[in-house]
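Take a look at these structures.
Each of the next two complexes has chain A plus one more chain, namely chain B in the first and chain C in the second.
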Partner chain A sequence: MTRVPHPVQKQALRRNRQKIPVLKSISVYGGVFLLLLLVLFPFYWMVTASIKNFREISIERTLIPREVSFQNYTDLFEQTSILWHLFNTAWISCFVTVVTVTLASMSAYVLTRFLTPAAEWIARISLYAYMVPSIVLIIPFYIGLQMAGLVNTHAGLILSYLSFTLPLGIWMMRACFQTIPKTMEEAAVVDGANRFEAFFLIAMPQALPGVISTSIFVFILCWGEYLYPVVLISSDSLRTITITLDALTGGGQNIKFGLLMAASTVATVPILLIFLALQKHLVRGFASGGYE
Partner chain B sequence: MVQVAFSSVGKDFGKEAVLRDVEFEVPSGCFVALIGPSGCGKSTLLRMIAGLEHIDYGEIYIGGSAVNHLAPKDRDVAMVFQNYALYPHMTVAENMLFTLRMARCTREESNNRMWEAARILGLENLLDRYPRHLSGGQRQRVAMGRAIVRNPKVFLFDEPLSNLDAKLRVQMRAEIKRLHQRLGTTMIFVTHDQVEAMTMAEQVVILRDGRIEQVGTPIELYDRPTNVFVAGFIGSPAMNLLGGTFEKVHGQHCFVPQNGVPIPIPPGTLVGSENVSPGQKCLLGIRPEHITLPGPGPVPEDDETYGEIPAEVALVEVTGLDTHIVASALNGEITILIRGRFDTVAGDKHLIRLNFPLAHVFDAETGERLD
Partner chain C sequence: MAYPTTNSASRKRHVPRLKFRDERIFYYLALGPTTIVIAFVIALPIIYTFALGFFVQNTLIRTWRFAGLSNYSDLLTDADFWIAFWNGVVFTVGSTAVATVVGLAIAILLDCNFRGRGPLRALVIFPYIVPSIVVAFIWKFIFSGRGILNDFLSFIGAQAVSVPWLGDQRFAMMAVILISAWTWFPFAAITLLAAIQNVPDNIYEAAALDGAGPVRRFFHLTLPLLAPALMVVVLIRAIWAFRNYDMIWLLTKGGPIGATEVLPIMAFKEAFGLFRMGHASAVSVYLMVFVTLLAAIHFRVGARLRQAYDTS
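Right after this comes the complex of A and B.
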């Protein structure tokens, strides 16, 4: 027999049911707020510190700037070659991204379409290669590049970047190609396309979300890379932005916080804009590629 | 003229033979269905014609020339895939024009051919849509349109109706058949649905475990199956197969079911049974529609070509058009198909009548037909 709840119990049940979503929403939004606070506060601090004067940064440590000053930016552009270093970083990052995505797409395509039995192992090896810390590879790289006459050149830096961007790119693009049905390329081949045409005209357009997310990842990695440029580059004209930031710390003795925060803001803005512009594609790429 | 021919074609996947000694010919303009259970190698055979699978041994000829070493694009075939394989980033028009773009056709000729195909398939209003905005039937038509624009020697269909619902499937079946009548091009159609094969094809090739079991017209396959597998595969509900022997009992030729009472066979009615040696184990095959119950059907009560056996109704299924009756008889179950309605319920006892002239006799060990 079904037990019919008493009207009072019914009301209590209804109240409980209403309470649960409200409590859930509060806890979810509370959690998100805390997370956002953790993530965004350093950015807030960086930007506000860049427009504060020395006193506000180092002595008073105000949360909200009392006086807005762009002196740090003026000093930054006058005292350092940050724009030039930014340009170096941008072109190297773009170049490495293009090379990585091109080579990784082709390699990943071959891995998913032709070398099926060995593909899993090759893909794993590429991932393990990515997991090897740069600090372990830096000395062999330095020796190798010195022998090739590529130390203190952008070419040497690009080669060193490719050593970690390519394995990551192959892994990501492989996940992307695995989601694209082979039958479409087979249809293209029957329709008269050769393998290259099937790859470029059919597979690649469908792999676009994967290409975009891989590009963003690779670009960010190159933009923020510190160890290779600091070891391989010695000329000021060849420096990248991370070395500029390092230089502004003054070796930890005489940190110019205002300049450092202004430089950090300048270094962050391009990458933030790119990320915001392509955010939708990045999420789509993650969703389609199964990168977890 | 023969359009597609297979000469001892075979294929192995690792140590497993997927296709063995496949040998048959498809006449020009013929509609052939490749049918068989899952994993019998029918799709692999189709892909071998298209050039998507390597031919391990034997030769495939298209239009009289061996194509074993030709790239898919040089075989002059068009294929419609099970999942349609439409290019999602291209519109319907671009999908259809792709093959002509690859063939370096002029823009004018490409457009003419595309419009002609669109007109045949009623796709004129969908040309600027993307595949994701189309229904299953429309996608199917676009896939066919993509094949038509090429004007190929052979059309290959790989289970193209399997993703459609029952109603649309019937509709598309008729459309493909009409298309074949209109174009007159050779078509090879893979399906696991015997109704599709029987209704659409002029020739049916039945495959099992990579071997051809029988090649023939749908009626030949239905009326004279060469073995038990074909007999059981073609026809729905499936043919009844009764195990037993043929013996002389009191001077009369009888079918003696296992542990059953001999059923006298009127002379000259069951041709295959007369060549069977006494005691040889056989299977008597009889289709459900060739069994009648007293009352329905055109069989007069005194027709001596019918053998009578007692049966008890176990299950009655009314489809609307037909009545399917599963009855217990001869220590087993027999399916009976009555055209129209028949008023009976489980537990009823009837004297069912087997139409011997339309029955089949198979060797119980080899499964081969015995006449």
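Right after this comes the complex of A and C.
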């Protein structure tokens, strides 16, 4: 939350800023340097390792790659159908995001506008549902989807994803609708609008920022989901990106870190793009309860 | 809601609240699908897991036998179960503490004035949104026996400690805690930063005028004022750490020799390694009970804080 300082305060702030002693600014910039190192170094190490050759990765361990080689990437694209898996992940994540946001915004709107016992219960259940360990749900999913013939299908995977995206979506959208005043909708009733018009034409446009942050969080969660696909998906052609990465470790002792880092880089790029394009919404989503 | 209305219909009916004509239809259309989905993907599975705990079941050879409470009671005397439980407690306390302390330090740093503060505030989120498997791979690489961490340690002269961190029974838990804290500190940092920004500056100015140094201001002003936010961060983080499955699994698979085996991993191995679904269900039901206890504390504290802060 950014507060707008009063003009007088602003002057005081400016004065304060001039008075910042050198010692403090040195420690601040030192802290900033450490923070950058903490956040960025692991990614730097990932990207550089992905373009190093084997000697540089495991024997010489150079900080800056001496020669650039794309061998890891060519190996990756030859050994796995990672592009296809990226496509799988993207469409599943998009689909789940659309379904989640549609259901969540409608029901969250109801939860803030109709204070019926049923609505209260759904609010409570969805918050609790978000804390239920996914390991509790995976066993019934596995058995139930097997009975329904949906194990090893994207449909089954999408259903299982809804178990964690929907509670999060409801929770975030509820926080969003709570901040939107009801007065405009009340005025609309007076003008003879119905509830559908009030929802779609008045409430939803105001909730757009919330819709965007909710979508980003749901998409990111789906993109990185590991447990459900690893249990529910067995065919190579249906894999999501996390399973592609998981399969690369192979269980053997000789982990090919170059290959792993190349695959990790490929899996991170879409998240990086989303981050660069929509970081403002991400920060706001965090503040409005968009925790994991 | 006393709202002056010119709508004659609503005045005639003397309804205390304004009502749309098609409230009912909208209500059921909006809430219906969500209720059905929640019932099928959350409520029913939970009930099923509870019930499955009463059976001895093996999906491989497809046998079912009602076993009463034996799955649940056997676990209470099972040493492995309690080891996994305590490992979970150590992991939860450790990773929550590290993530919160580091997050608090970063929140204070991000509250200072410096150039590039805006982009840095956004950048801090990045470790949090990267897929956990990528995080696990990167840190496995860094922490490996011949990784950059050991190179750095020998560079600063600590040549004796050149171990494969995640593969050593003594250090695996510590490494897992640190790595988890690395992905989770952004949550603490951003939430606490928002809380710090809500503290009015003039309190600090007054304290500074009264001669309180930065250290005293931190311990006597910042910390008490942040206590509610800290409490929420710690509780949410603890719930998520205790139920976390993928980070530890991806880093160590619960090993070496069970050193990092926690309840979710125990349940997973029972279910999809040994295919003893009944046993696995009982483990996960216990896990759910512990998480529910934490969640109950969280709701209690949250409600009390909201009360305390709304009335003041």
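The rule is short, and it goes like this: the second predicted complex is superposed on the first by the 243 of 292 C-alpha atoms of A that agree within 3 Å, B and C clash if a C-alpha of one lies under 4 Å from a C-alpha of the other, contacts with A are read in each partner's own complex, and residues count from 1 in each chain.
In the analysis below, a residue touches a chain if its C-beta (ideal position, glycine included) is under 8 Å from a C-beta of that chain, and two chains touch if they have at least 3 such contacts.
Please read all numbers here as calculations on a predicted model, not as lab measurements.
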item: Touched partner set for A:Glu186, first chain B, second chain C, both or neither; value: both
item: Touched partner set for A:Asn194, first chain B, second chain C, both or neither; value: both
item: First (chain B), second (chain C), both or neither touched by A:Ile202; value: first
item: Which of chain B and chain C A:Ile271 touches, first, second, both or neither; value: second
item: Touched partner set for A:Ile143, first chain B, second chain C, both or neither; value: second
item: Comparing the two partners chain B and chain C, which touches a greater set of residues in chain A; value: C
item: Intersection of the chain A residues that touch chain B with those that touch chain C; value: 186, 189-190, 192-194
item: In the complex with chain A, residue positions of chain B that touch it; value: 50-52, 71-73, 77-79, 81-83, 85-89, 98-99, 102-103, 146, 150
item: Chain B contact footprint on chain A (complex, rising order); value: 181, 183-184, 186-194, 197, 201-202, 205-206
item: Chain A residues within the chain C interface of the complex; value: 1-3, 9, 13, 17, 20, 24-25, 28-29, 31-32, 35-36, 38-40, 42-43, 45-46, 49, 58, 61, 103-104, 106-107, 109-110, 114, 116, 118-119, 122, 125-126, 128-129, 131-144, 159-160, 162-163, 166-167, 170, 186, 189-190, 192-196, 198-199, 220, 223-224, 226-227, 231, 241-242, 245-246, 255, 257, 260-261, 263-264, 267-268, 271, 275, 279-280, 282-283, 286-287, 291-292
item: Touching residues on chain C, where the partner in the complex is chain A; value: 1, 3, 5-7, 18-23, 25-27, 29-31, 33-35, 37-38, 40-46, 48-49, 52, 59, 105-106, 109, 112-114, 116, 120-135, 137-142, 144, 146, 148, 151, 182, 186-187, 190-191, 194, 197-198, 201, 236, 239-240, 243, 245-246, 250, 264, 267-268, 271-272, 277, 280-281, 284-285, 287-288, 291-292, 294-295
